[in-house]
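Data block below; observations after.
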């Protein structure tokens, strides 16, 4: 099923950009896990729209309502469902897109796949708004992992050609613009502002790290942590690439450069380097799990673009109206953390069966 | 389940490097599909070991025996199982690895995950040999897709720092070394030979293209073709990155550069460019689907390496013996095609339910 | 996952008896299917409480709100989620049950399974109220099957020792008390009233028939229509047995009595008799699919019962208070139809992949 | 997928009656579990053909070969695959059945479902022979459950109208004909012999008990032990009904008769009676889990039967040749135990995630 994922927990995401609500169901959570709703709301606020210069003007409070799965603020062992109402919707903005698809969007492919019956308003189920329920699920998994000593944090690794500097060693959740180097952050913000002024947009890369992981999460073949994380992360709209550890760079190395030597340090097994990003044979090795995610520039730009008219099958010019982020990357940072948390908590739960 | 994948067809891979056999079961194939066993054997030969200067000296005939699922050379609608016997196994080579894990391998992580009960001989279920059943499944899917007018072909895009030149526009299945530019191929082979002579290894990138796809394969969120393909491709040992279309490069572009304008050409909808790699909103748009896969250098090198002794928890030196490829990339080319074929045939079958 | 089922469509049921809402998500519905909400509400009314002498005094409007999956009253191809708010809840009635479990209920087993964290109010996720979302899903599937010429209808086959008479040949949806013989219906109602007056309850059997089925739904082994229907029907609380065709009776027959001879009639293949209940080898044969479902008497009775105190581990007497049906069978009739419809529509959709 | 089942372990059954082999893959078994192959072979011998007066004359050694998943006689944590070669096949016996389907068999429905491409020899994937791999999987699960103090045993509860007497309180695995009462067993054997002499067949009922179960296996809705066991048991050919505890009989009772009072006995929670068959709300309550399975009489009888000719669409007479059991029930006893063991071990493993 397209909108579901997971083996030991199962996440289902539902809703369209302009349907009454978006939401998610998470099955398989053990009973008795506390869910800190305040912490969850703070986490969701990091991806909520309408708060910053670089995000869409659409405003939603993004307060999740829990319909089921909790008793006395703790999970009660049955499906946990939470929804967020869609309120600030302006469907009129989108009526023309069924006929003239936006370049870089799912308008055309959804029109064909659903034979004209898709909900095109606001991008329907393909909207970035569907990352809100992803973040509900991920925010909960982050809390559950934290109780096991596992932390996940991500940063903006680059916007356009501007790369962040320094190593990511702690959560940047309290920063408006999550980069390690404030100087580079300032440059990135300037680039985003410039593209916005041009009616254009820009892409970027998010880097994510998970620390405190036990050895043994994941498995061979399609159960590898790379497969599990990638399947989730590619579910975030606009993602075009995922790499683990040194990623594409390792294709240029020799084995003697890339192999991470094992060492004993303080009575624990570690690797001297971490080119592999904390995963060997699909299984966590206890070192930080590191991956990077490439985001394309927002396809919704204000500049005129070439498209077509589907009914008459003619070429056409079009201008995308509506409210859009000039760069999705800052708001994507918690989404990547959420995706990683879901994959890792699923694997963590699976590990319990093996013991 | 780690070793299974798929929704409309379900692939299960079984076997260890030195168990009596490796094999696979493919469920969900419609009845009445011809399986050309000669063509399949030719396909498998492309990833078989022991044939070239750049591959391990282990030789296996790699002839699949079909145990079930066929009647009169056609699928009969029930699970199709094929196995390949393991014959040329030398388990003695591997006995020491349980105690002293090879850097860059699953030895250590599997030891912990399976609490000492893993089958360490030859890498067990983590061995590259498990790509043989992947190629059986993929080879069959390739045949089924071809009957629908869909072709999939891959090439070596780079080995180390040497990149292939020219566009990949047709199958290179008949070439010993699948590159577009013979000059670059010669350089790559020289680099592989050099690394082998040094007792070292080298990584590379495989590029894969699927043409003839209808519009509408895939779906939103985790049903996107990127998620589906990535989950399969990361199941191939040594893969550390997957990118679609222009991939990581698009993170540096602006929307006006990256958006692919729609056009009408010969009465069909096309895009002028194909930065998106034939996928919009997770769904095929009818243009060539393009992705690239980063492979790390073979971790099994002949040079001495730093490792540990697990029982005494001490640092140790070790040398990997046994027979290994100095570069897995050439043999990985059909594996990537196979992975893509399984993902695409699964999506193609899913599409039938929607019509 | 306990609360999910289905292969080609996937149903997830969420909610507790006293949580903010109960609801369901149905994934995999093709786009463009009209959902007649009025017809659905009429269907749901058949299982709604508080309307008859034989049902609980709890009243709920049971009006589903669709949160997602529809556009212009038709499915739009993405997950369809509908919820029913819980309004008339009186949680105070249930506080003692955590300590003193009701005989015949899940109170004790849920207490252990969820280590004390279950939502015990109103039976939580084990409440008969969870059949409301089952009926939303089933009601939609019934509509979709009807468009394919398939009809499903059930009746009360027996209450206590009183058996209905006559063959079930058409829908009884418009009857308050769905039996073929009004005389037997009157007797059954009298028995229910008698048991209620005694502070007791009574069980019964529901028979369900599906007509208009094509040949070929279902499959071998666990894909058989028996497995698919049974897995759903046993999900209805209080079900203790399911049998197909002549069911347990065939265990007493000889092959020559039980085999249904094939005949050609009006150019179609039929069977002369239908002992097999329209299923051969797990696959529909085009004859009416017939099955029967045994319901136990409602365990919540007004009479004093023997139970225990869990904290002190002592024997105890208890009396169940709260509002309960003296017989669940009448309200279970649409639930059984719903379960059958979900299983059959799933199989019907799966059939499309084979063609 | 029709031939796969399970959530925490996943069983896939493959093979046709006359294909090179039948077999099974079991995924999800923890590493380090000993597999006693001798005990497994003894278990398989109980369902093997050709050993008794009441079974088909086809003889197969039914010795499983393990292709993968074991290292040093223990599970190694990866898919366990075992196959049994088909040797004594006489495909010629079956050639006519494609044209003239046997009443009571899958011949006709499979012909339509697979559009003529099914493997009809020996019943293909619908053959009772496919219960051999079911018994491999079940036999292994039985061993694993036994190590946890759980035992499962079944008996012939009735053949035709002859019912066994006495309670089933221990394994009858060492009896040729597993009944509690030898007198009734003798009568049953006489009835089977009589039916065989008549060229006819007879059905029966198998009763199965699991003891030593912890409280808490299973779950609400479709995760109930009834759903899980029924989905597996209906996968055994010829099963037409499944009931738990007192089953259909409870439909005739009042709540005060049927509710099982809780009591404290020896410091443990028990129920005074066990009408519910050890399952409350889908979850085991620690009492013996009891269920009964109705088997139809073998459809393959020697008497002339009415059928049709599919190509000419005419009525026809036919006589089934080949070798067949006059009663499948004795050989079905270990199959029912196997099905129960798979469902229970799956639930047992799932329980580990909750703790």
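Per-chain numbering from 1; labels A, B, C and D assigned in written order.
Throughout what follows, a contact is a pair of C-beta atoms (placed from the backbone, for glycine too) under 8 Å apart; a residue touches a chain by one contact, two chains touch by 3 or more.
Since we're looking at a predicted model, the values are computed, not measured.
A.B. asks: Look at all chain centres (mean of CA atoms) and spot the one farthest from the centre of chain B.
C.D. replies: Here the answer is chain C, farthest from chain B.
A.B. asks: By the contact definition above, name the pair with the higher C-beta contact count: B-D or B-C.
C.D. replies: Counting C-beta pairs in contact, B-D comes out ahead.
A.B. asks: Nearest whole angstrom, what separates the Cα centre of chain C from the Cα centre of chain D?
C.D. replies: 26
A.B. asks: Once you find the CA centre of chain B and the CA centre of chain D, what distance in Å lies between them?
C.D. replies: Those two chain centres are 39 Å apart.
A.B. asks: Once you find the CA centre of chain B and the CA centre of chain C, what distance in Å lies between them?
C.D. replies: The computed centroid separation for chain B versus chain C comes out at 46 Å.
A.B. asks: Two or more other chains in contact with one residue: find those residues in chain A.
C.D. replies: 1-4, 13, 28, 31, 77-78, 113-115, 125, 220, 354-355
A.B. asks: Please name which positions on chain B make contact with chain C in the complex.
C.D. replies: 8, 28, 30-31, 77-78, 220, 349-350, 352-355
A.B. asks: Provide the residue numbers of chain D that touch chain B in the complex, in ascending order.
C.D. replies: These residues of chain D touch chain B: 1-4, 10, 12-16, 19-23, 25, 27-28, 31-32, 65-71, 74-81, 83, 113-121, 124-125.
A.B. asks: Within the complex, which stretch of chain D touches chain C?
C.D. replies: Residues 1-5, 7, 13, 101, 103-106, 108-110, 112-115, 125-126, 130, 158, 160-161, 195, 198, 200-205, 215-216, 219-224, 226-228, 230-232, 234-235, 237, 239-248, 250-264, 267, 269, 271-272, 275-277, 280-285, 294-301, 303, 305-308, 310, 313-315, 351, 354.
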